[in-house]
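Sharing a structure, written as structure tokens. Questions coming.
Order of writing sets the chain letters: A, B and C. Residues in each chain are counted from 1.
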Amino acid sequence: MRKWIGATAAVSALALVTACSSEGASDGPSDGDGGGNGETVTLEFAQWWEPELPEGVLRGLMDDFEEANPGIEVELLSGPYASTREQVVAGAASGTMSDVVGLDGAWVSDFVDQGSIADLTALMSDAGYDDGELASQVQLGGSTYMIPVVNFAYMLFTNDGLLAEAGVDAAPSTRSEFEAAAIAVSESDENTSGWILPLSLETPNGIQNDVMSWAWASGGSMLTDDGAPDVNNADVQSAVDFVVGLDEAGAVAPGAATLKEQDKVEEFSSGRVGMMISSLAHINTLRESSPDLDFSLHAVPAEDGYSGERGTPYASWGIGVAENSENKEEAWKLVEFLMSADANGELANAANAFPGNSTAVPEFVTQDEIFQSAFDVWNEGYPANEFVGLPVAEQLMRDMAEELQRVLNGDISVEDALTATQTKWESQF
Amino acid sequence: MTATKTSLSAPTQLEVPTRAHVIRARKRKKIALIAALTVGALFPALPVVWMLSSSFKPNGLIFEYPPRLITEGFSFDAYVAILTDPEKLRFFFNSYFIAGSVTVLTLFVAVLAAYAFSRYDFKGKRIINVVVISVQAVPPITLLIPYFGLVVVLGLYNTYPGLILTYMVFTLPYAIIMMTGYFNTLPRELDEAVKVDGGSPWTALWRVLVPISVPGMVSVGVYTFMIAWNEYLFALTLTRTNDMRTVPIGIQLLMGQHAYDWNQMMAMSVLGCIPVLILFLFFQRYFIGGMTAGAVKA
Amino acid sequence: MTHPPETTEARAAAPLATAPASAGSGDGGTDNGADKTRGGWRGRRSYRGTVAPYGFLTPTFVLLLVLMVTPITMVIGYSFVDRVIINPNSEFVGFENYAQVLGDPVFFKAVSNTAIFAGASVIAHFVLGMGFALMLNSPMIGNRLKAVYRAIYILPWLFTVAIVAVLWRMLLSPNGIVNFFVTELGFAEEQIAWLSDPSLALPAITFINIWAGYPFFMVSLLAGLQGISSELYEAARLDRAGPVKQFFNVTLPQLKPIIISMALLDFIWTTQQFALIWMTTGGGPIDATEMVSTYTYKLAFSTYDFAVASASAVIIFLLSMTLAFFYVRHQKSRD
């Protein structure tokens, strides 16, 4: 019996040893791959896109890819968007990262630091790929790590019914027009607000889409020319002042501090908010949930008198390849396929997003008036999202959101908040 | 509310208690109790009623103001969508299979450990006790990465045993502590009697202690089941493909990047809770009526 | 898993148990002293000092050792190095990460929020759980009716935390049903932003946690109530003790061991509550609902500072260990 206990102890110890060696194993091959010796190669493609798209679209594209590339099979691994990042980090740490991964621009810098995603510039040159058709690439230190597959532009949505009731006949194009319209809508009915500002700390992307967009729309920037933080400059200050002014005028929907992007859309869709800055992905959500809603899309208003190009904020479904993938060559083929004009156009079409291939023109743009006007706005301005590629981008947004919440709570001034944000950001860079 | 009032305003003259009075007083008490239970039930039930109501609404009307319990467009579409989707049904199967296995195995392992803690003194008992309690105090989120590595190395990644063993680790400490407590309330004479008849501690445990501890085991089992049923973070991280995943992940998959599928989310949690509720209704008879342990207690 | 060896183990333990001579060899030691303080049936020597208890504990040992102690050890290791996981070449930095955590005022804010959140939750869980359990245990109502009520009262327990969070966000939103009643019934002029007002957010999420967690206490106490001998109540009634006195003199003392165990466990679990807080307030507004769990999460997955996150986790672990230590000591002296 004691022997038996001894044996158990030995087994446990052994388990401990194997466990501790897990770190050593992390640079080993990811399992589940077929291995590259002429047999069928199975690529794992981890993303959150499949549940976002109409059923079967992504799988259909993968079938097309498999047909065009005999010997390569693609396994789609889909997860919820909110947890994708943790999964990629954990997967990279234990060597089980999928060969091809969906990425958000805000994550890229951290994954590059971790050494978990591969240098795509090298893969492109190995494959002899001409990147002329790529609308954009996310680069760090001169190498590409992520390619935006499709882009979701953020624009001003106006509930034209509510605006008309409040006596506003034209969509605002400048900040002062916007402020006047927002106040008018708020005053027209006690249950409506002019604008909605999601500042949740869980997903602080409201800072990017709903706050910084005001600065970008007027040509402002939150970074210095060499990419260091410069968040307390005059452009950003005036944008934040404007946002805070809207709140003080009672034109912002209550509960900002816990609202998320999804809540913003629910409020707009329920007809309680006159205007919001939101993703084109929401056009279909709104049409489905509120078929009677009369809304239109416009560029984000600029400072009065500004006549330059307007930056349009966007979020991307980006793609990257795992550094520890054994099948980088095949993985690149999948990336290349998704970026080809046909496949990219089809994906963009299904996602209601703008294609990452600059030659692709998705059908919905030519067939739908609202999308047509959005596409025009997109083409007139320039894509602006300064958070893409920054280190710990999400934490930067969260830092700023927290300071902005203090301002809205009446604790500190805008100037102090931006100075505090600047200090926090400097320590993160 | 009104029931409470009537019971309070009932006549309270001082009289010699007769049989009729006793019966009347008992009836009054009963009405008061039922009233209190009904009012109290609003606390757990109202949010659930709202969940149920939302599951029948079209997504566009879930956030309407002023809110209504039943709106136009009332439909079972959300339920149909879930019940006809094989992937989602698989989530339900996985959840039941995993939670069920965890419950049975945790109870088995915990009963053995609790028996040792309750009936023996041995070296290191105290330290083991502290360890068993405090290992649960490490925030699971920080364990995620090393734990994930461990599971991959042990070859348990994306398998049922991976999740089952993980949940056993979560639930064991509580189960051991509670079962030790229940065993401690059972007199040692029971074991002695078995020994006199020539039985071993093993028979004493399974033939005597376990049968009369069933109510305790049911309550520990319910808890264990719930933990395994509701866990999200590890269920997601330790699995790779949707055919291994559980209901909480299925629900989370409906919370999209841009919009939530409200009615389906609500319908899925309603569907998820019904079988558990039935199971509970079945087992709850063990909470009723005197249990042997109380009777034999000194 | 390990069933067959377990069986032989336990069977073999019996003859050994009756032979105290074989017991001395290494298992006696420190516990002998404590033993003498124990009264009652547990003081009997017959089962003492055999290896049988280790046999019974083996499955638990193996599981906890491999799947819990190992990762915890790794986390402790991480807490002493720099830029772990993200950077392959991490260096030993001693207690630097601990200094960083302990030098951060937000950490202390998080600890105090967690203490309030967990303390209030545990007390309310106990009060509600006890009250409901007593009502549901009453012999006055029929079993069928009781079954229905029991089913209703455990409802909050049946939902995964993501749904609890989403549901309550919906109920408590400025345009939600709670505000509808609050304004319609005239308790407030304006809609209240329960979760977004820094002074209301902590009470609001504590309330949600109370709602979600009391059934655990209720079910355990309900089970505990079955174990109280009816003779004790009869004796109390003979002493002319009313229901209140019976509760304080019989019910409460009888349930005390269960209550203390559950309060401790509930406290430890509540301090770890992450998803509920994260999905309702994200630790905000500002830092009004920042908890040690959200604080640690942000370090790990938002700034990718796993080393500092590990240090924070170890500090939390040590705090809870102290709590567990006192608990075990208390149990000892009670015996």
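General observations
In this section, a contact is a pair of C-beta atoms (placed from the backbone, for glycine too) under 8 Å apart; a residue touches a chain by one contact, two chains touch by 3 or more.
The model shown is predicted, which means the values in this text are computed figures rather than measured ones.
Here A-B and B-C are compared, and the pair linked by more C-beta contacts is B-C. Of all chains, A has its CA centroid at the greatest distance from the CA centroid of subunit B. A separation of 37 Å divides the Cα centre of subunit A from that of subunit C.
One finds 38 Å separating the Cα centroids of subunit A and subunit B.
Per-chain Cα centroids separate subunit B from subunit C by 14 Å. Taken residue by residue, subunit C touches two or more other chains at 13, 54, 66, 70-71, 74, 85, 173, 175, 301, whereas all remaining positions touch fewer. Multi-chain contact residues of subunit B (touching two or more other chains) are listed as 62-63, 65, 144-146, 149-150, 154, 252, 255, 260. Touching of two or more other chains is recorded for residues 15, 19, 86, 89, 93, 191, 267, 270, 272 of subunit A. In the complex of the two chains, the subunit A residues touching subunit B come out as 15, 18-19, 21-23, 25-26, 31-32, 48, 51-52, 75, 77-83, 86-87, 89-91, 93-96, 152, 191, 261-262, 265-267, 269-270, 272, 279, 281-282, 285, 288-291. Chain contact summary for the complex, subunit B toward subunit C: residues 26, 29-30, 33-34, 36-37, 40-41, 43-45, 47-48, 50-51, 54, 62-63, 65-67, 105, 109-110, 112-113, 115-117, 119-123, 125-126, 128-147, 149-150, 154, 165-166, 168-169, 172-174, 176-178, 181-182, 184-185, 187-189, 195, 199-202, 205, 215-216, 218-219, 222-223, 226, 229-230, 232-233, 247-248, 251-252, 255, 260, 265-266, 269, 272-273, 276-277, 280-281, 284-291, 293-295, 297.
Of all residues in subunit C, those touching subunit A in their complex are 5, 8-9, 12-13, 51, 54-55, 58, 61-62, 65-66, 70-71, 74, 85-88, 169, 173-175, 191, 193, 195-198, 201, 278-287, 298, 301-304.
Of all the residues in subunit C, the ones that touch subunit B in their complex are 1, 6-7, 10-11, 13-14, 17, 26-31, 34-35, 38, 41-42, 44, 46-50, 52-54, 56-57, 59-60, 63-64, 66-72, 74-75, 78, 85, 128, 131-132, 135-138, 140-141, 143, 145-147, 149-163, 166-168, 170-171, 173, 175-177, 180, 211, 215-216, 219-220, 222-223, 226-230, 257-258, 261, 264-265, 268-269, 271-272, 274-275, 292-293, 296-297, 300-301, 306, 309-310, 312-313, 316-317, 319-321, 323-325, 327-328, 331-332. The part of subunit B that touches subunit A in the complex is made up of residues 58-60, 62-65, 144-146, 148-150, 152-154, 157, 236-237, 240-242, 249, 252-260.
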